[in-house]
Every structure is written in C-alpha cells, then in structure tokens.
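Let me give you the structure first, and then I'll get to my questions.
Order of writing sets the chain letters: A, B and C. Residues in each chain are counted from 1.
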Amino acid sequence: MLPNERFPKLPHALIVLGVLCLSVGSYLGLFVAPPEHYMGDVQRIMYVHVPTAWNALLAMTFAFAAAIVSLFKADWKWDARMEAGIEVGVLLAFLLCCQGAIWAKPTWGVWWDWDPRLTTTAVLLVAFAGILALRHFVDDPVRRAAWSAVATIIAYVDVPIVYYSVRWWNSLHQLQSSPATVSSQFYLPLRLNAFGVLFLMSGFIMLRARIASRRIATELAPPPQDLLGELA
Amino acid sequence: MINALHKELLLQWRTRAQAIAVFVFGATSLLLFSFAIGPSAALRQYAGGFLWLGLLLSSTLTLSESFHAEMENRALEGLLLLPVSARVLYYGKALANTIQLVLLGIALVPVMVVLYDAGTTRIPTIVLIILLGSAGISAPGTLYSAMTSQARAKQTLLPLLLFPLIVPVLLASVKATSLAILGDPMGQGRSWIALLTAFNGIYWSLCGLLFDRVVED
Amino acid sequence: MSVDGLAIDASHLARRYGRRWALAGVSFQLARGQVMMVAGRNGSGKTTLLRILSTAIRADGGRALVAGYDLEQREEIRRQTALLAHYSYLYESLSARENLEIAAHFCVAPPPSAADALERVGLASRANDAVATFSAGMRKRLSFARVLLQKPSIAFLDEPFGQLDPEGFALVEQVVGELKRSGATVLIATHQVDRVARYADVHLTLENGRVA
C-alpha cells in the first residue's frame, strides 16, 4: 500500500541531488552569468522563477493525472499521490507569486503587475488551497478521495481557460507583461536550476505521498481477524 | 429530465419568499458598492463589475439553499434509490439554479441602472450575458453545493471552492456587460460571449459526468 | 431474479465507518417471497445491512446478490427494491400528494397510484397539506405509501414501527401483508421482536456487526 517502498531512499537521494543542482545553478546564475542587457541584476531572479514556474505546473499536472487514476482505480496510493501533488503544487505556486512580486517591485514600481501567467498562478493557488481545505473538512476517507479528485479535475481543466481569459482581459489594459525570457547564453544555470527544482519537487512529493499513505492506514482500522482472507 | 426540472421549479416556487430575500441582499450589495466608491463617474464605468459581484455574492446564498431541501430528510438519496440517475438530478438542479440566477440578475439590472446611471439600449445583449454568466456560475456551483452541503464548514467551503473556478465567467461577464453599457466600438463583446459559451459547454458536460461521484456513497 | 429462487445471497458483507467496523462479515440467504426479521441491539449493524443491500451505501468487503444482481449493479437492484429508511425522503415544503407524485413520475408508475397509495395508508384527508405540518407518525405513513408506490420485489423496512401509535402498528402489518401477497420478499429490521416473530419466516440476529 505504501508507494515507493521498493526504493526507500530514493526521495532522499533526489533531494540531495536537487540541492546540489540548485546550488551550482544558482551560483552560476548569481555570480558567473553576465547581467542582462536591459534589466541588469534584477533579471537574475529568472534563474529561480522560471524553474519554479515549470515545476509548479508539473506538480499540478501530476495531481490531475493522479486524480483521474484515483477516480477510476479507487486505489489509496493514487489518492496519496494526488494529495502530495496538490500540496507541493500549492507551495510552488505560492513561491511563484512571491518571486513575481519581488521582481515586479524594482522593475515596475508595483508589487503586482497582473501578468497573465502570474495571475493565473494566483487563481490556481487559491483553487488548489481550497481543495486542501476540502480534504480537511471531510472525514470519511473514501468520500474525501472521490470529492477531492473531482475538485482537482474541475480546477485543472479551468487552468487554460483562466489563462486565456486573463490574457485577453489584460491585453485590453496596457503594456508590460512577463519578465523577459532568458537569452541563450544563460541556459546552463537555468537548466541546472530547473532540474534542481524538479528533483527537489519529486523527492518532496514522494515523501509527502508516504506520509499521506501512512495517515490513511491509521484512519482505516485493519479488518477483523476472521475477515482477512475475504477482504482484498 | 422534465420531471427533475419540474420538481426543482415546484420546490423553488414553494420557497419563493426566499427569492425576495436574496434580491434584497443583492440590491443592498449594489448599494454598498456605491457607498464604497462615492458619487462619481467611476460608478457608471464599473457598473458591470458591481452587478456581477453582487450577483456572484448572491449566488452563494441560492446555491447553498438549493441543497437544503435535499439534505433535510435525505430526499436526494430517496430519489437516487428509485432509481433516478444522478446525472438527471444534476441537470435538473443546475438548470433551476440558472433560472433563479437569471431572474435575480434581470431584477438587479434596474437597480444598477438607477444607482450607477448605467442605462443602455442594449438590453437583449445584457440579458444574454446574464443568461450565459448565470449558467456558468450554476454548473460548477451546483456540483460544489452538493459536496459542501454534506461536509463540515459548509458556509466557508462553497465560496472558497467556487470563486477561483469561475474567474473566467466573472471576467467575461463583467467585460461584456461593461461594453454593452459603455459602448463597444471594436465589437469585442462577441469574443467575451464566445468565451462564456465555451466555459458553459465544458463545465455543463464535465460536472454532469462527475456528479455521480459526489452524491453516491 | 436468480435462477435458484434466492432473493438475497449475501456473503461476508462488511462496512466500516472510520475505525469502526459496523458490519464485520455477515452472510445469509433468503428465498423469494419470505419475510426476514433482522433483530439486534442499537449499533449491531441492522441499518447498515439494509442500506448496503438496498445499495444506499457501498460495502467495504464481501459480496451479495440481490434479486439476482451483484451489488455493483446499483441501477438494476434499485429498480426492484424499495427502502423504508430512518430518513423520510420527503420534501418539507411540498404536500403529501406532491411528494408521492414526484416519486411516481420517476417510477414510471401511472399517476393514479399516488392517490391510491395515500388512501391505503389513511392519509387521503391530508393529501394537500405540506409535509412540514405532519407529525412523525404521519410522515412514517407517507413513507410507507412511497414504498408501496414502487411495487418492489424486495422491500427493506428499517424500524417500521418507529414513531407509530398502536393504530400505526396495525398499518405496518397491513403493509407487510400486502407486500407478501404481491410476492415480494420483505426484510424488517426491528426491536419489536415478539410482534414480528409471529409472521416472520426467517430470523436473523446481529451483534457487533456479525450474525449472533
């Protein structure tokens, strides 16, 4: 019933690897790569911001896939994975919003610039945090699994719709938008950091899924002795 | 399906006093918004926004009420056991909720016109937007209302789950309504209405498919 | 119906609520047309058993064939069965007649049967009154009418005597008799053991989620 018990130390290895990649990548990005032409040193936040963005979406997508499997297969493993994916996704989305604000203030003078991608992230953050709240308020594990899977699917399908509607809405207003993309000389630190966050995220999701599985195991009492043969 | 809708409308008719209360709530919200802004030209400019905010807030009342009658004596379970398919019950209820919101929206338009000086000749367009926007709120709203009426902390959970989800509906409805009131020289209203239609298409099918998992044990 | 004439064939049915197993392995068979009394203290699992067999809730273990269908085939089982539950399944703001007519429409039963059912349970005079004005006993009668309306081949009656006066007790017997005459199988979960024992063909006693 516990996921990944075949390789018990895998998540820890991933986390170590992730920290390593992030350290090297961040060092390169902060001290070695040249400052960007127009934005100067402020642009260096891209070395963390872009990897976080990719991985936040990846975590949410993983949660969505786990939700679909969980609905069809009624397997606790996938419910645990979904919960882990949502929680890590919420964390990354929150970090993303903070990074966006940190970048926007020196650049545009405001904390929030209604950039479509960032705004979509904010909506996503609230939506998935709401799903975590839902899980907290439902006591029956089977119902909790089914309902949060349904909510995850509904919320995820909304992501592209939110993105496009905010983009159209924003384009009618004014200028500016996202932090400029990184030019090709700066790919190495970016890639390193991207893998770094990916490894970290995967490690965290695996560990978190194990915690979720263990908690479900304590919530559901073991079957009575004489039924052990009959129950799956 | 007709039976399901008929039952919903009958229930709504019997509890119609509530609809008046919700209308008063909606009208009061519109009033409060104007106090927040003060008498200024901004009121007319943002009238669309205020109307939809008021409608959205009122929807939490109507949506949570819509399952109250079902949960009192577990009538919903009784229907499922007849058997009635969960999908049919969902569409009946979602349609009835839409009708309720549409009526509320139409009733609030004169309030908006008066308070915000937001008169317009494009009434059919506004009615269409109210129709599509209400449907967009009702589709996921009915599903989440079914969920939260069976969970703890129901009052807080419903808006928390619903509001982020219907951001596109809010954006599109507000934009389209504002264009209808203030003028739409570049014909942008059409794309917002298209967005609303797409949202409705996706969510009416998706929620109908998933409703079964929400009400069955 | 199953080939061998069994209305219910249950094996090791189990259901948990959190850490507690409400049913921990209940097995039995019931032939068609028989009346089974399910007895046991509060919390012994009677209601859970009836709710699982009528497909109101899922089973967490075990299997059962109800009217020849597996528990997974909910819709087929629901067509053949009716449940008289602790909850009345009624809409407070609607009248007795309206409540029954809604049920009748979904059963594809012809409309007259709603008025007819009201007559049989003695509520014809209150047909147009809102259920909110009904006493507990009257709601029970209305729930009986709802069960009769469905013309089930298997009826699950959960504590049918609850909230009824002695006149109501006679009504229960009358309803059970009617169901039996129509060839239906009846399961009655009850505390009124002596009363029901008089006409029950089979007795089942539950204790702590198991057959005692």
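We take it that a contact is a pair of C-beta atoms (placed from the backbone, for glycine too) under 8 Å apart; a residue touches a chain by one contact, two chains touch by 3 or more.
As the structure is a prediction and not an experimental result, all values here were calculated from the model.
Enquirer: Counting C-beta pairs in contact, which chain pair has more, B-C or A-C?
Expert: B-C
Enquirer: Using C-alpha centres only, name the chain that sits farthest from chain C.
Expert: A
Enquirer: Taking each chain's centre as the average of its Cα atoms, which chain lies closest to the overall Cα centroid?
Expert: B
Enquirer: Go ahead and note the Å separation of the Cα centroids belonging to chain A and chain B.
Expert: Using C-alpha averages as centres, the distance is 31 Å.
Enquirer: Calculate how many whole Å lie between the centre of chain B and the centre of chain C, each centre taken as the average of the chain's C-alpha atoms.
Expert: Distance between chain centres, rounded to whole Å: 38 Å.
Enquirer: Would you mind pulling out the distance in Å between where the CA atoms of chain A average out and where those of chain C do?
Expert: 48
Enquirer: Going through chain B residue by residue, note those that touch at least 2 other chains and give them in order.
Expert: Those would be 217.
Enquirer: Going through chain A residue by residue, note those that touch at least 2 other chains and give them in order.
Expert: Answer for chain A, listing residues that touch two or more other chains: 139, 142.
Enquirer: Provide the list of chain C residues touching at least two other chains, using ranges where the numbers run on.
Expert: Where chain C meets two or more other chains at a single residue, that happens at 58.
Enquirer: Inside the complex, what are the residues of chain B that reach chain C?
Expert: Contacts found on chain B: 3, 6-7, 10-11, 14-15, 69, 72-75, 77-85, 216-217.
Enquirer: Can you tell me which positions in chain A touch chain B when the two form their complex?
Expert: Of all residues in chain A, those touching chain B are 71, 123-124, 126-127, 130-131, 133-134, 137-139, 142-143, 146-147, 149-151, 153-155, 157-158, 161-162, 164-166, 168-169, 172.
Enquirer: Report the residues of chain B in contact with chain A in the complex, numbered from low to high.
Expert: Contact set of chain B toward chain A: 140, 143-144, 147, 150-153, 157, 160-161, 163-165, 167-168, 171-172, 175, 188, 191-192, 195, 198-199, 202-203, 206-207, 210, 213-214, 217.
Enquirer: Spell out the part of chain C that touches chain A in their complex, as residue ranges.
Expert: So the residues of chain C in touch with chain A come to 12, 14, 16-21, 24-25, 58, 60-62.
Enquirer: Hey, which residues of chain C end up touching chain B in the complex?
Expert: 54-58, 74-75, 78-79, 81-83, 85, 87-94, 98, 102-103, 105-107, 130, 146, 150
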